[in-house]
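Heads up, there are several structures right after this.
Below, chain A partners chain B and then partners chain C, in two separate complexes.
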Partner chain A sequence: MTELANPNYLAALPEMFLAAAAAVLLMIGVFVGNRSTTALTLLSALAMAAAFIMVLVAPDERATAFGGLFVTDTFSTFMKCLVLIGASVTLIMGLGYVKREGMARFEFPVLILFASVGMLMMISANDLIALYIGLELQSLSLYILAAFRRDAVRSSEAGLKYFVLGALSSGFLLYGCSMVYGFTGATNFEAIAAAVASGGEAGAAGPIGILIGLVFIAVALAFKISAVPFHMWTPDVYEGAPTPVTAFFAAAPKIAAMALLLRVFLGPFQELVEQWEQIILFVSIASMALGALAAIGQTNIKRLMAYSSIGHVGYALVGLAAGTPEGVRGVIIYLTIYMVMSLGAFSCILAMRQKGQMVEQISDLAGLSKTNPLMAFSFAVFMFSMAGIPPLAGFFGKLYVFLAAIDAGLYGLAIVGVLTSVVGAFYYIRIVKLMYFDEPAAPLDRPIGVELSVVLAGTGIVTVLFFAYPTPVLIGAQAAAASLFP
Partner chain B sequence: MLLYIAPVFLPLIGAAIAGLFGRLIGARASQVVSCLAMGIAAILAVIVFDRVAIGGEVQQVYLFQWISSGGFEVDWAFRYDALTAVMVFVVSIVSFLIHVYSIGYMAHDPHIPRFFAYLSLFTFFMLALITADNLLQLYFGWEGVGLLSYLLIGFWYKRPAANSADIKAYVVNRVGDFGFGLGILAIFLTVGSISYDAVFSAAPDLAGRSFEFLGGQFDILNVVCILLFVGAMGKSAQFLLHTWLPDAMEGPTPVSALIHAATMVTAGVFMVARMSPLFEYAPVALAVVTVIGAITAIFAALIAITQTDIKRVIAYSTMSQLGYMFFACGVSAYSAAIFHLATHAFFKALLFMGAGAVIHAMSDEQDMRRMGGLWKLIPVTYGLMWVGSLALAGIPFFSGFFSKDIILESAFAAHTGLGQFAFWAGIAAAALTALYSWRLIILTFHGKSRADEQVLAHVHEAPPVMTIPNVLLAIGAIGAGYLLLPLVAADGAFWGDAIFVLPGHEALEAAHHVDFWVKALPTIVAVLGIGAAYLAYMAWPALPGAIAARLRPLYLLSLNKGYVDELYDFVFVRPAMYLGRGLWKQGDGAVIDGVGPDGLAAAALVLARRAVRLQSGYLYHYAFAMLIGLAAIVTWYLLART
Partner chain C sequence: MIIETIVFYVFAVVTVAAGVMVVVSRNPVHSVLFLILAFFSSAGLFVLMGAEFLAMVLIIVYVGAVAVLFLFVVMMLDINFSELRAGFFQYLPVGGVVGVILLAELILVFASGAADITLPKTVASPTPPADVVSNTEALGNILYTRYAYLFQAAGLVLLVAMIGAIVLTHRRRVGVRRQRIADQVARDPKDVIELKDVKPGEGASWKSD
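Moving on, here comes the complex of A and B:
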């Protein structure tokens, strides 16, 4: 056990730093009180920025820490960067909301910090135990965040629902882990991979036992990324949770969970690709279809974004179903673009205020092009991009996953994907129609705030101009995907 | 060189200026430009006629290569021989006179530039058709005049009748054009070229050869010529494809005069004459041409005697005269056909424009039953109509006399059974021609007026801009016969190589040696026809009614134009409409829209509603869904394993 003697703390530096920062900020909050919330928010963002830099400067080679529990490679670097960007931007975006809606308690930024630590750990997990610890750290923080407006019934309800169902999925996860451990005798991903490759320790019963374990783990992870049919919590939680929390849900945890899913399926269970591919196929098709169809019937913009995120997860999974480096590259590109788009869309939703009150109905957007043309334009850009209209970024996201699916011979999946994106285009474009062609409702408040304007402008520019200079994302995703295929 | 190009392209320039810049330069300038261009073209046409037809200077003018694709090569070139020269001469002059006449006739129309652009463009296509040096160029002009005919018949596009008439004209012409196109394709298939020289020189070798189609053997040239003739039937309104011509009278009267009397409808006759080197080797096709021509001549004349619309009478008369021209072609007397074509262009344009003057005077009334007694009020028009009718009836010393007689004599002199049939049909038609012409004159100009006071008060002679072209046409209607008599000289020297007659087919030469009674008979029956018209409509006005009552079925048959329209309506139009409606309502509406766009959209909505209902809000539903999902996946693997 030389590795235990040399824990290689350096590889886990960002996580340790962030955890320490969270603890320190928590202490500050405890002593200073709620008036420190704004400062703590900014400090949290700063801590994430520091962690971001640490992630970036870390060496690219694969390294493990804590006796193989923890791994860093190009993939983890890329995904951590995404998660940190998403988390810090949503933190800043929510600033105004938190202050206005009486949510300015110092725990808020700290919880987001803890959740982020959990996510980084998930991304770097190289062991079933590490996986579980990271996942639970993230999940517990998210349960609280969802119920953060404890005086609001819907927020509490959302938190409770999320917690109960999350606990159920944790149960699945643990059960699956124990099955896998029981049949392979290992929790470390490399060891599991070796055991799976050799057919398992328990002879003929091995593979099916491992398979059942894999199904349970897959279901638990599908719950985290809200893939159908394990998505049921998503609309209620997205709607009930405070909007900055919803934005955070859409941006960061989804990416972390997806990264974990990629790592688990392509790491320990890579040999079983033909088995889990069937789950992914089913879940992917179901998500795309339900995401497209159920969104049509929505009147609440946050609920609509929930179904939209379900659909997007389905599209991302198309790339995983291909099971090739190109497919994984497609997933990573898709997640990157999706995060940018949903940050933009949620900054618009955060700006939906009438006479100081937040509004969430889609119909409140009617005639926005006349009352706030810039916001209407950027919202339209995000909607078109999510619908996958060229030359906006969303089109390229879909393009790469569908290309990978076709290269892998999954024509049916690609066709379903294209068809559902046609159906999906309907509800995205309906919002554009509402903003541009309908009579104005009561106008939304102006100005929308500096931080929202900046985010809106930044994400909008990325979405519009992605086609002009996609190289950094493409190269990064390429390298990240390659590191999962040793 | 320019002399030969300019007559064709001047009308195009005129049309372009009037059509594209008509709003800019105004109605008056559009008229002046297009008339000027047409006038110059007419003068050049006279010079061309002098050089080519009289001077015997045959020209082929190469402009540029049009298409070169594999073995398919088409040039844009003009061929000026005697046949072309005669046609260019007739078309340009008549068209010019009609342009001028239109200034007066269309004076109150709000769309004058458009009208003149169409007229000039039509003339361009007609001239391109005539001067073509290959079949594709011929087809270009052929389709162009069809298109312009559509546009001009529907010129008053706000009238429903005009719209249905132009669609009818176009569709019926398409039927003929389809045959024509097939004929051209068949020629290219067998000869490998569509230039006239190559086709004509290959014709003798092709004679008697056959090809296999659907298991049967067919004579190449007979098939080709019959297909070409189907095109001519459409364009020249021959029996079976004639139904569009009477309806085309919905267009403005100058259009009827230009297109449906003097030029476009004669394109079929011209084409058959042009293709004489092919037709001469296709005896079956010639027989078909003779029979169809003869039937058309008598059939149209029978209908004309009961029509009451002044323009329709003249339209059926046109059809009948075209029948004469075709059976002349059928007995190899092509030059007689072209001769009649030329004289007919003058007197038929005159009749139409005279009728136009009457309509103009009667405040747009076209029904002869509401006319009468006009001769004192519009004496000039009356006189002109007499000249036109005398020429049409073939009364001696008017142009129609020369041309119609030579046709009938040729038919008689052909000494074939079909020739005899055509001759007697032609004699009967000649009698009927005189009858309906004088019926028209008497009903319109004599007797007591049947128009109401208001209309009568407005009756006035047409302005000089309309009368002068008519006078010039009248001079043509008298003089063209003398001027163009060399066309039918027994030796055929006038034509050079333009018209080819196989040895043994010299009906025209034989026509000069027929018995006197054959020469005299047309004139005698024409005079008898005039006498009958006088008796029936002037001396004894009750007679027509009595005859109509006695021969009611025959009368109705004639009045209803032989029920051909009704027959077509029943056989073609209604089934097509049913089929179209069925495909539209059931096929497109119910199946494609219902299952496709509408069905999918509706299904998406239904599914969306169900998907929304899935989200009940109950925690145990959600947990249950997760468990079911998990159980389903596990079951799937267990089942797949065993």
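Moving on, here comes the complex of A and C:
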């Protein structure tokens, strides 16, 4: 009988709690039926809040559980908090939409809960198999959520596209994992790191085999964070999926996948930094350029947000390319601010209704400043912030990653980043111009709903006043980044 | 030893031949039958390697469930397979060229000695000697202890897959008469049976109230 060394179940308490809560809520839903959707949504958000507290009160030092399959440290604490905030806020934001658009089925909050469990497992993965299973749990829930309005053609199309391409990327990931396992003889991250540091067991051939594996893993993870050239699915899925699901895609899974990318590249493959840095450099530049240029021609606001998110991933990767603790700190700050901004922007998009119908065209926003000045103002704040205009929060996100890139001597990357953000500013500011200087189109419906107003106000205040009190985020990100560099 | 080698080659040749037949046979039902043959012979190969558990799983899961499912799909859905395969010869030259180039590249890599493939000797979970612990027991020992976390997580993935299948395909049909056992049990003969005293030669008439 093999005894499990160091089970340490307590370290995984938030995950176990969320999984159990999801199962219980699923049972309630099955027996009560779809009329329980609103209650289940609120309960799910409550469960995420409880998990959030469990993550926060857990001891801060690095601990592994389940014989090294699972790890918690300051980095995982910070990222899990972000993911849980993003997921619970999007759940609440979607309440009105889900009810109005005939999507009020009890599986919706349950699937979001399961996706969150998967994301927490990804963030805490310390083993290639744990990484894969966490990623699959999250992705599978997301495929279903994308196709949740199964009677709408575009939603089904989004789900199918996402599923087929996602399965392909999972195949790449598994292929890469098997290469790495084959050449290091380990799936555990620390053991892989040791094997890589010793040049692989097989002498000169080891690193080549490991390198091929690393490239495949990088491809799969780049797909999950929708970085160029693995971004093709993003605009279609963002446009086709129901808007609350799109908001969820933008807020939570992207952060979890990014956290996974950081942990994999800076953990087991730390020694191969010169090799993966080239990949990250290319992906980062290509994402920033495509995010800035391809968004210009868009007329659908959700497609525009998709290209914008591709660009933002590029900026966040600038910090990783630096490969220093400062760079990682920059990535974490960037992700935090990006989450707040996209939650705010999507609560505006969720409020875009004309005579009870959802509208998604950018031109529908024309003259919003006259019909709903408060919403126009906050949308303008988010757009300016995403463009990176000081003193709004988005500026600081870019500042820290570019500073880290310059410290690491990556001047070219920083210059490309600044240039593309100038180009990107064009389409963000075009929306502001449309809202403030164009003749009003048909006015959007008012009131926009309590939950959307609260989210809008909260994220707006954080975006505007971030410069006044950035210390908590800076200190948290600093500690989180430091825990990845032992 | 010599017998083992012969058996290995028999199984290996049958596996490869069946694999080829899966792709080239015109009748899809024959394809599936050859697939089952390929599974059986690979199970034989597993037994030769001393992995009897994998062999059994291959037969139970792949032959027992997956292949039979394929057979059902092939027979029940009206898919024109010859139409699907229409482009085969058209794409053959390009595909063949790509395949030859890949093969040449692989040979180059291995011939140049750049990738001297010697696999690591340490493995994550070494297989215990088969005469001490049987295969099944060894797998069970690590699956339910060391990898219990992954086992449970994989269960969650399956649960999500099940929810997904129901969410995306299940529709509540209207106008379906369901059996309500409670109602049936609660029926009382007094409410539904009426005894009439029928006089001879008159017949009975029944009028609902």
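Heads up, the rule we're going with is that the second predicted complex is superposed on the first by the 481 of 486 C-alpha atoms of A that agree within 3 Å, B and C clash if a C-alpha of one lies under 4 Å from a C-alpha of the other, contacts with A are read in each partner's own complex, and residues count from 1 in each chain.
Criterion: a residue touches a chain if its C-beta (ideal position, glycine included) is under 8 Å from a C-beta of that chain, and two chains touch if they have at least 3 such contacts.
If you're wondering where the values come from, they're calculated on a predicted model, not measured in any experiment.
Asks: Is A:Phe52 touching the first partner chain B, the second partner chain C, both, or neither of them?
Replies: Neither partner.
Asks: Using the touch criterion from the header, give the chain among chain B and chain C with more contacted residues in chain A.
Replies: In the superposed model, C touches more residues of chain A.
Asks: Thinking of the overlay built on chain A, is A:Gly209 touched by chain B (first), by chain C (second), by both, or by neither?
Replies: Only chain C is touched by A:Gly209; chain B is not.
Asks: After the superposition on A, what does A:Val219 contact: first (chain B), second (chain C), both or neither?
Replies: first
Asks: Classify the contacts of A:Tyr315 with the two partner chains as first (chain B alone), second (chain C alone), both, or neither.
Replies: It touches nothing on chain B or chain C.
Asks: A:Phe396 in the overlay: touching chain B, chain C, both, or neither? Say first, second, both or neither.
Replies: neither
Asks: After lining up the shared chain so the two structures overlap, which partner does A:Phe346 touch, if you call chain B first and chain C second: first, second, both or neither?
Replies: neither
Asks: Figure out whether A:Ala186 sits in contact with chain B (first) or chain C (second), or with both, or with neither.
Replies: second
Asks: Using the superposition on chain A as set up above, list the residues of chain A that contact both chain B and chain C.
Replies: 208
Asks: Under the stated contact criterion, what part of chain A meets chain B in this complex?
Replies: 160-161, 164-165, 168-169, 172, 208, 211-212, 215-216, 218-219, 223, 229-230, 232-233, 235-236, 275, 278-279, 282, 290, 293-298, 423, 426
Asks: Would you pull the chain B residues touching chain A in the complex into a rising list?
Replies: That would be residues 604-605, 607-609, 611-612, 614-615, 617, 619, 621-623, 625-626, 628-630, 633-634, 636-638, 641 of chain B.
Asks: Within their complex, state which residues of chain C touch chain A.
Replies: Where chain C meets chain A, its residues are 114-124, 141-142, 145-150, 153-154, 156-157, 159-161, 163-164, 166-168.
Asks: Considering the complex alone, what residue numbers of chain A touch chain C?
Replies: 1-4, 12, 19, 23, 26, 65-67, 69-70, 105, 107, 110-111, 114, 117-118, 121, 129-130, 133-134, 136-137, 140-141, 143-144, 147-148, 150, 159, 181-188, 191, 195, 200-206, 208-209
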